[in-house]
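Below you'll find the structure I mean.
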Amino acid sequence: MSECKPERRVYLNGEFVLERDARISIFDSALMFGDMVFEMTRSFNKKQHRLRDHLDRLYRGIKQLRIPLKMTVEEMEQRVCETQEKNEPAFDPHDEHRMMINVSRGPLAMYKMVFGGTVQPTVVIADFPVKWTVASFAHIYDAGYHAVTPSQRAIPSALLDAKIKNRSRMHYMVANLQVSLVEDPAALALLLDPDGFIAEGTGANFFIVRDGVLLTPEGRNILRGITRQHTMDLARRLGIEVREQNLELYDAHHADEAFFTSTGYTMIPCTKLNGIPIGDGKVGPMFRRLIDAWNRDVGVDIIAQTQAFAAEVGDALAGTNIYRFVKEKSA
Amino acid sequence: MSECKPERRVYLNGEFVLERDARISIFDSALMFGDMVFEMTRSFNKKQHRLRDHLDRLYRGIKQLRIPLKMTVEEMEQRVCETQEKNEPAFDPHDEHRMMINVSRGPLAMYKMVFGGTVQPTVVIADFPVKWTVASFAHIYDAGYHAVTPSQRAIPSALLDAKIKNRSRMHYMVANLQVSLVEDPAALALLLDPDGFIAEGTGANFFIVRDGVLLTPEGRNILRGITRQHTMDLARRLGIEVREQNLELYDAHHADEAFFTSTGYTMIPCTKLNGIPIGDGKVGPMFRRLIDAWNRDVGVDIIAQTQAFAAEVGDALAGTNIYRFVKEKSA
Amino acid sequence: MSECKPERRVYLNGEFVLERDARISIFDSALMFGDMVFEMTRSFNKKQHRLRDHLDRLYRGIKQLRIPLKMTVEEMEQRVCETQEKNEPAFDPHDEHRMMINVSRGPLAMYKMVFGGTVQPTVVIADFPVKWTVASFAHIYDAGYHAVTPSQRAIPSALLDAKIKNRSRMHYMVANLQVSLVEDPAALALLLDPDGFIAEGTGANFFIVRDGVLLTPEGRNILRGITRQHTMDLARRLGIEVREQNLELYDAHHADEAFFTSTGYTMIPCTKLNGIPIGDGKVGPMFRRLIDAWNRDVGVDIIAQTQAFAAEVGDALAGTNIYRFVKEKSA
Amino acid sequence: MSECKPERRVYLNGEFVLERDARISIFDSALMFGDMVFEMTRSFNKKQHRLRDHLDRLYRGIKQLRIPLKMTVEEMEQRVCETQEKNEPAFDPHDEHRMMINVSRGPLAMYKMVFGGTVQPTVVIADFPVKWTVASFAHIYDAGYHAVTPSQRAIPSALLDAKIKNRSRMHYMVANLQVSLVEDPAALALLLDPDGFIAEGTGANFFIVRDGVLLTPEGRNILRGITRQHTMDLARRLGIEVREQNLELYDAHHADEAFFTSTGYTMIPCTKLNGIPIGDGKVGPMFRRLIDAWNRDVGVDIIAQTQAFAAEVGDALAGTNIYRFVKEKSA
Amino acid sequence: MSECKPERRVYLNGEFVLERDARISIFDSALMFGDMVFEMTRSFNKKQHRLRDHLDRLYRGIKQLRIPLKMTVEEMEQRVCETQEKNEPAFDPHDEHRMMINVSRGPLAMYKMVFGGTVQPTVVIADFPVKWTVASFAHIYDAGYHAVTPSQRAIPSALLDAKIKNRSRMHYMVANLQVSLVEDPAALALLLDPDGFIAEGTGANFFIVRDGVLLTPEGRNILRGITRQHTMDLARRLGIEVREQNLELYDAHHADEAFFTSTGYTMIPCTKLNGIPIGDGKVGPMFRRLIDAWNRDVGVDIIAQTQAFAAEVGDALAGTNIYRFVKEKSA
Amino acid sequence: MSECKPERRVYLNGEFVLERDARISIFDSALMFGDMVFEMTRSFNKKQHRLRDHLDRLYRGIKQLRIPLKMTVEEMEQRVCETQEKNEPAFDPHDEHRMMINVSRGPLAMYKMVFGGTVQPTVVIADFPVKWTVASFAHIYDAGYHAVTPSQRAIPSALLDAKIKNRSRMHYMVANLQVSLVEDPAALALLLDPDGFIAEGTGANFFIVRDGVLLTPEGRNILRGITRQHTMDLARRLGIEVREQNLELYDAHHADEAFFTSTGYTMIPCTKLNGIPIGDGKVGPMFRRLIDAWNRDVGVDIIAQTQAFAAEVGDALAGTNIYRFVKEKSA
């Protein structure tokens, strides 16, 4: 991708390996059981946003899954910073860093002979350009997403807790597959839980706006996104009322506006739901007000930056939208 | 592990790599989404048992998840055989081969630049000694397992289908963790589904015997095990009535016998449930009759072989029981 | 529609009115509460198929909803026959008769002053050409339907019993709307119930074929179709095993064949499910065998007749497929 | 009904037809699928109460069901007013107007040949005396209703959304039927949802009073009544705390007071639940305070007016209580 | 109660006490937790019917609840027989014996000081005339019961297992209370489970007959009655097909016949369901055939005996029907 | 237990009987149906704490279950006080009084002949030393309880309402049994409801502390404990925010502190959940602050008193912890 630049490297259990060589043993619990917790963060102007909040959530998962990791959260934070520093020369000056932090309990004890008789948790810190993630979203800022509810439901937290950001997510793939049947290329999956309440996208939180109030599903059968939290924080600072509550399709159909949040692209509008326009079907004033607040807060014009990234990437990543790739690949 | 023998190798996307180097990219859908289907088979007298049935199940998962794999099931079968052949010199003559076959859709398209712009499905065929898996079960044949129902429930198939043998299994880990609190080292998790029906162990099917009839949960919220199927086939050949039906704790508490099946150890008795003996709390005649049928069918004395494996492995794998390792590791 | 022929008439509470004038008071319970039971039958060679079975089902609904209808089932049968006879001159010789029989408890008592102080149940018997219903299905016989599961679920029978063929079916409309978003014009809704079991289409029953056995959902959260019953009867006469049981998406994805039944078109193939081919994605031998049995049983080549009807109707009814009209109308 | 007065007329797709001739085609989606949205409003002193709020709700249903209606909400409002004006001469000076506004997507496209090849949405605006609706409630103001929970449950909104005021309400009829078995003529159905929370009456919202606070079920599995809203608005203006929350039978059994709201009669007391008095079993002070507020707000003594209506109607409408007619009719 | 006869005595932990003195400590687990298992049997011609089957069920409960009872089932059987023998002089020659056998784990250990520091399980064997139980049913044999479904649902077995005949049955009382509101004195509660399937009466099993086949709910959320079993056994001996399966209200509404079974009265017809006649609303031929089979099997004309008992008891037990007493008492 | 002191007596339907003779007829509805409501209160410095609140709850149960008790709540309060007074001489000066008040509808009417033809409700007021209940908890104050979630779930209130403090609690026993398998003697059951929300212990309410806020499950599927209420009252008086809301395992795992409340011991820390420390696994500052508030409020150093009681009781009550006795007894 860049000729004279050094190659990106990934922190892997204490070593920095080439990105393409960042791999995990087939005997690792991460692969055997989807038993891995992770975070994906991003920088604004090269500074990781709310990094410690991400890592605190990571460590909540480590605790609840009883992963016997010795590394403290402070050490982890330092490792993340080192990794970014080390990789900075491999990035363009205008690039932003997307960090992916993975922790698993490592290879299963049963296979320890493969590894000389001892096994230990696996820690991965990868660092790649934000533009890979967000390029495909640039054109959505104008017309907005079209949320479609697949028959695949979100899994209730008592069965598999989305609040622990984990890798047992095959059902997200199934949801994406179902929605990829829809004619509209801007369609993306919005999952309902088995009670029929709106849960989340497959990697994004959902908000609606009604009468000037910001509403988002209760933090139950969803990942409680850091970007979701930051958006609520910003809104409250602006004096906007924010409520976490059960939301139904009815609420979303008759909202004034709607949008998704995710760490990669922060906020993106949603203007249609199951074929029916939300509000007047256009990007609304609350969205603009909040993304402006984001821009000021992080010192970056997020939409402009995303569009610049898209222009730079060009067609190289066409059809790789994280929410729709199943279809493109199987075509 | 063996000095003068060649090292075991793993088929990985067309190449045979050293076992310890058999790894999967951190950008693979298998790691990002637990989006990988797999099979684990074993040999008896070096012959893989019902290999094609395992592969047919694998391909059902590939189809339903729309993994764009080009390799046909016939080619896959051939690859598995080649892998075993190639590794045979690395095995002792009395060893049996455990094959693990993994298929994922490969790295996510979004990360294709890491891989020179193209991505393809991931295929792994590993081959390691059965003794690793079964050594820890040898001592269970005498006293039997103690099934304990954790509060973690099986996930209904409409949300995450256990019938597709997949890697989104964090909830198995949670179940094992809960059961590892029980005093009895022979305790293992028996999952109920949200309706309260018995589902399965975390990697094993469950049977009870009542009045000479063999009963096992309907193939709904469970993996429909090949070994489960083979045990039913053998029983029917012996003229034993077999029924797949919803089973409740009441049924299991008042059964005459119970046992688990899994490909590694085939059948293993279960003599206690939630602290209460099943039947007279001893290994029963139906279990003995069926394992004899297995022995004759595969030409191996399964219990004797397992005990020999255990003796051979000795303490090297103590505390690595697949169903209990969480506790040991966190100790 | 036909110049010199007499116009079709509808039996309405003892009178024969013009089809366009067959209307029901806005104060009728049918309109106030969707509180109307009905049947839709069809003729083969001008003879109504299993008419009495349809009427028996109608009267089960009348009984369970306590509609105080005085007319006996025998009288009703006679009225239906009279209606067809009376209308025959308005039909072409090659036409078949589709009868719609509606019964409600009539205008609500509260509004009885509008009707001179007394109210009585409403009985409607309409008779129109089968070709209206089936013309849009003719082209499906080659490639088959594409069943898509919307997020709208079937309503459990304990809440609203589909076994009573009734008019409270707004959720069918919602399901059709959701599926009309799918790119494929052959897509139609296949409803799951809240447990995730396959229920039915929005006006059609669903069958799969596996290893030569015919499987269809238990008669619980579905209409127990007369055509569903007749297809099972024919299959059993051919020595084919038939089982009513809970079916999941997994079962349908890995079936050899699938098809829908409905009184209008009898049987129609289903070759794709949520974007994935069923079997080899082609119309299968069991379908052909069963429709042949139908043809022989009713003395009509059903597919040929349907195609002739489609040719006759031409474009006049384009875009009126009962399962998809929502989309066409809103376009 | 009145000799020298003109007859009442109903707006029906642009025309004003006699009330008894206000009918809808049997091919209309309203009759085929219960696929019709509606509103029922009433006047106080000849002025329709919160008419625009009713119409806004109507249009939310039109939007969500994708009914391709051209008429705007402003035009609809005007049509309603015209209809009342036109009918005023047919009313007594002391009468109030009850308007029923129905909208469906019209005859199904499949039957368009019946209608000359084109179909369009159906719009009905009926206008009849409020006294028909409320006469049977007059005697309830003294002793109060007896709420009884039938085994029929409310349908969860994710399956059939009561918030869209629609005509698929057969289950209301079933609930009424079950409760009509109770000895007490003042018994009426109070539906629980499948979770056991109190939902609503079959056409009425439910409130309880506890320690001076007004409590009513969350707006989830219920119609969010305009009269429910207005009662909450009035209470808040009086400084009374109002909370929408999940309510259980326990809450209602131990409430100080309870009452129902519905547009026809506004508020009516409920003094008994499943055979057990609520509070002291008498009409309570909060009820009196709120109905006084209503009286002042609308400039009508609602109870007095209802009793005058009842006296006027006399026995002409005996046994036509909307909540109990099933039983009377079948007797 | 009888002057010259000896008084009845109850076996209580090894002693025979007067019936009125048969009491259990307020510190007993039976009273603290409803933690008691029991059986109620009856004699025909002085011989206890299927006593051992009842006691085997009792011991299943003892085992599953881990009650540390030392007495074996054989000893228990002997105690029951002794108790009947000892009491026979207190009975009339034509009387039958109703035995009630209660077992609890005894006073809670925490209260052992009250009992001198040691506690032991509680065993009660009472023996009273069958006529007390059945007298109130005599008049039902002609017209049959009217089954009414209350809003109280049966508790799923995974939460509280009705298959263990236990004393945590407050919900039965609630169901009886709800049904006692119904006008018909022959009304009794028929519980649905939360899925809407028919479960059982509050102390009786339910059967329907359709096309000559005997159908009864699966043995899941119900007590698997010994009398239920015996009725199925008798039917099979007569060549009648019997099926245990999920039954819905629809099935019962459209059955040809229905009846309840319970140990006291064996079988009793049910001719109405929620106000709607079952079949023709009369006692049917299958009922007569089966009760005849019972009569022959036990050597007693059950209906005649019951009517004789009723005549003997006269008004002394009026209003004590086990299924309805709540209402009578509160009146 | 005390030589020269008088013996304790229990109020039983108007009489004061010896504690060991306080028994209830085997024909009482309490024993037949677990149909008894009750309260357990305790004194501080000989004064019953919030006695009237307990009795008001008792009378809510009496009302809802329609127990035809004549005694008013005022009379009941007086009876309780008299009972304590009468028993005071039987207590040591430093003792506290634990009162148990039981009310049932009395013997079933069917058995009234045993009682001379009339039956009446049963009222029991027992009075025994608090030390029996709390002695076994003394050592928990240091290390805290270990909450373990059994597979037995809390019963939803719509099926069996825990808010009515009743004796149908066999499921509590089952939960205790399951948890008694856990290695840790400090393990006690924490029940989840079927939705996976935390409900309560088997006789105790649960609280967590997060960021200085006190959180406890909504009062839905739990007993709304008086001690729970008093703890919330005290916290609010201290300016601590208190919220009743749905809590999941995730919330408890990541809380700063947790504790149980129950009338006997008031508050007791919980420092571990399913094997994972809560917070730092130590008794926390909020717990200390609140128990101090309790101490001040009731004028007793609760922990010191409990420890003194434990020292006094010594080993006499070892192994009688109300939450764990099942195991001890069956050993």
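In order of appearance the chains are A, B, C, D, E and F, and numbering begins at 1 in each one.
Assume a residue touches a chain if its C-beta (ideal position, glycine included) is under 8 Å from a C-beta of that chain, and two chains touch if they have at least 3 such contacts.
Because the structure is a prediction, the values reported are computed rather than measured.
Any chain bridging chain E and chain F, meaning touching each of them, is among B, D; the list is complete. Listing every chain that touches chain C and chain D alike gives A, E. A centroid comparison over C-alpha atoms places C as the chain most distant from chain F. Over half of the residue numbers at the interface between copies chain D and chain E are found on both sides, making the touching surfaces mostly the same.
Greatest centre-to-centre distance from chain E is found for A, with centres as Cα means.
If you average the CA atoms of chain B and of chain D, the two centres end up 59 Å from each other.
Centroids built from CA atoms put chain F at 45 Å from chain B. Taking each chain's centre as the mean of its C-alpha atoms, chain A lies 46 Å from chain D. Counting partner chains per residue, chain C shows two or more touched chains at residues 66, 153, 156, 158-159, 164, 177, 192, 194, 275. Taken pairwise by the contact criterion, the protein chains fit none of the simple patterns, being neither a path, a ring, a star nor fully connected. Of all possible chain pairings, those that touch are A-B, A-C, A-D, A-F, B-C, B-E, B-F, C-D, C-E, D-E, D-F, E-F. Remark: chain A residues 60, 63-64, 66, 156-159, 161, 163-164, 220 touch chain F in the complex.
Within the complex formed with chain D, the chain A residues making contact are 192, 195-197, 246, 248-250, 253-254, 275-276. Against chain D, the residues of chain C that register as touching in their complex are 1, 10, 19-20, 22-27, 29-36, 65-66, 68, 100, 102, 105, 108-115, 117, 124, 126, 128, 132-133, 136, 152-153, 155-156, 158-160, 164, 166-174, 177, 194, 316-317, 319-322, 325-326, 328-330. The part of chain C that touches chain A in the complex is made up of residues 148-151, 153, 177-178, 180-184, 187, 192, 194, 274-275.
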